[in-house]
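There are two complexes below, and they share chain A, which is joined by chain B in the first and by chain C in the second.
Coming up: the complex of A and B.
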């Protein structure tokens, strides 16, 4: 669905952010885009949506060039930004003005999502930030776009809404669409994500599925004081060490700890890249 | 849906714009109406014991048309200050031409029609008020009493209506382009750039003439390139004028060139807009 072929990008020519990146994202998956602040997550999402243009290389999204921002491409993409700004009109009027532009928009779905997310039927200026965000989420989900991009979707959402968001995303993902979620709150969405893209300093460290991660590495806890050389990464607490290491054939598969995996990827980039054959 | 220009989609965009920004437009309309009414009203009230003011109301008309028009045009893409709104606008499934047409319709057609409508209405009302309340001094002779008669501005043969409308189209197109080019303080930045460019062109034109002719040169004429004086300022030795066919061409070519350049640049600015 999305192909980055030697794509380079920088906000200035002197300071490139991404250099010759190769990346492929397939439909039927929920991608989790992880990275530190300023790592280039939002930029990667903007590249996919055609909001920023590559300086070099070829980028195709849904068989189209996102740079052109043609209507046939745009009605397949729905981008939910981190910050939300809405006009001061009624939520239903707001949706009614969007509907004609998205041929697959489903009004019944939209109303159901609003109800499920507990959004009041009122003017948008009377809503809180979280409620406005939920309107956008409902709109995006009901647009039935092939590519739904969510930038920090759980920011501003209350705890029940996060659960409903997970449920909604799980209900709409199918073989024909792709959902990309950029987040710092990995624990909010770790049960949902089945593909991980880890970026750091404009570099794609890992692009793999969660099954491959748990096949290749294990996440364990140790009460021992000593630190093993085989550990790729560890975190020390009063209770001992939480560590990540390469999984041996005979070892059992452990439960995926996305936060630990993220920290391992950022701290011991080379080891993780070697393990996932992603060295760029 | 297709990737070619669709008038239906452009109309949908226009409807969306009215629905979402309707309250802002209404506020602007009321503010404009209030300012116009107040300034015109004060002018008329102050003139009840004197002749009907003609020059001052023309000034109000020109200020409202040009200043109001350019301010309105330069605020059209004011939402670019908000990244979320910019994303929503750029990713809305419509072509660049359709999105630009909304800006064109609002800044080049809607404002002009509404402004002319408001001004004509106020002008008519004020003329009526003046004619009702004017106190003509006793010593005014019969032949001069017509100066104490208020007539609507568009019945005046001294107002350069065609030229003003052309100027309106050009200045608002520049302001619209400025709104696309500058996210913050678009009006001020565009005005500064415009003044610098204008002075720069006049200066360079004069320099070029000096290089061509080994005498003192003074630009002269309706358009600064159509004629120039040679010799000292106090005692010019002659005036060089472009052939008449050139003058005619310049008088239509320059406005059309400026106007179309602004809209072509606006199209590509919008098409290649990144955030």
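Coming up: the complex of A and C.
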């Protein structure tokens, strides 16, 4: 679905952000894009959507070159940005303006989603930030686009809406589309993500699926004082140690702890990369 | 659904299905929810539910009728009981034993409490 081949990018020529990255994303999955503030998550998403252009290398998205911004490419991609900017018009008029760009847009779904997300039928300027965001989410989910990009979708959402968003995402995943979510709130969406892309300092540290993660490493808690040198990463508090270690063949798999995995990837990059080298 | 324990989510969903079979909410030879229905209901990735269903198929607890859906196996109840017994013995019991040792509780004390429990709680089935 998406293929980065030796892509380099920087906002200025002198300061490259990404240098020669290789990355492949397949359809049928929900990707979680994780990275610290300023790591370049949004930039990576913008590259995919054709909003910024690679300085060099080859980038293919839905069999097209996003740089060309052809209608047949753009109508397959829906981007829900983190910061939203909406004109001062009624929600339905706003939707009517967007719909012609998405041939597979489903109006019935859109109205259902608005209702489920509890969005008022008013002008957009009368809405709160969270409500506007929900309008965008409903549009994106109803667009039936092949590639749906959500940049920090849970920011600004109230408690019930996060649950609805999870249900909506679970309902739209299919073999032909690809959903990419960039988020810091991993606990909001971790049960939906089945592929993890971890970025740091302009580098793709890891791109792997959650099954591989739980097969290769174990997330555990220990009350014991001592720290084992077989641990890839650990966090210590009065309650003991939370640690990540390589899983042995006979050991039971544990639940993926995305926060712990993230911290392990950032602090012990080499060990994580050794385990998950990006051949696939 | 809250995935509290440290087991992988696909296993926790398998445990949930097993519990429903044990309580005969899902009966032998009856259809269970589709992958998509269950994924939406539990707010998880459909691929995770698919993994659960593959796991339960390997244990012969459920069977896949192509194009129709997933069904509890003919002798699903027995298979579930065997599976849950194994899980209990291998995973829950060691924790109980550890605490018994730590708190110096004898098996006699446990037996007395268990007999009392049985008196007050009739078997739900």
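Methods note: the second predicted complex is superposed on the first by the 277 of 280 C-alpha atoms of A that agree within 3 Å, B and C clash if a C-alpha of one lies under 4 Å from a C-alpha of the other, contacts with A are read in each partner's own complex, and residues count from 1 in each chain.
Please note the rule applied: a contact is a pair of C-beta atoms (placed from the backbone, for glycine too) under 8 Å apart; a residue touches a chain by one contact, two chains touch by 3 or more.
If you're wondering where the values come from, they're calculated on a predicted model, not measured in any experiment.
Upon superposition of the two complexes on chain A, no clash is found between chain B and chain C, which fit side by side.
With both complexes placed on chain A, chain A has more residues touched by B than by the other of chain B and chain C. Touch criterion not met for A:31: it reaches neither chain B nor chain C.
Contacts of A:192 after superposition: chain C is touched, whereas chain B is not reached. In the superposed model, A:89 lies in contact with chain B only, and not with chain C. In the overlay built on the shared chain, the residue A:170 is in contact with chain C alone; chain B does not reach it. Touch criterion met: A:71 reaches chain B, while chain C stays clear of it.
Remark: least CA distance from chain B to chain C after fitting both complexes onto chain A is 28 Å. Shared contact residues of chain A with chain B and chain C: none. The touching residues of chain A, counted against chain C in their complex, run 28-30, 163, 166-167, 170-171, 173, 191-194, 211, 214, 219-221, 252-256. By the touch rule above, chain B contacts chain A in their complex via residues 1-3, 9, 12, 15-16, 19-21, 23, 79, 82-85, 87-88, 90-96, 271-272, 274-275. Those residues of chain C whose C-beta lies close enough to touch chain A in the complex are 3, 5-9, 11-12, 36, 39-40, 42-48, 51, 91.
Taken together, the chain A residues at the contact with chain B in this complex read 46, 49-53, 69-72, 74-75, 77-79, 81, 83-85, 87-89, 93-94, 97-98, 100-103.
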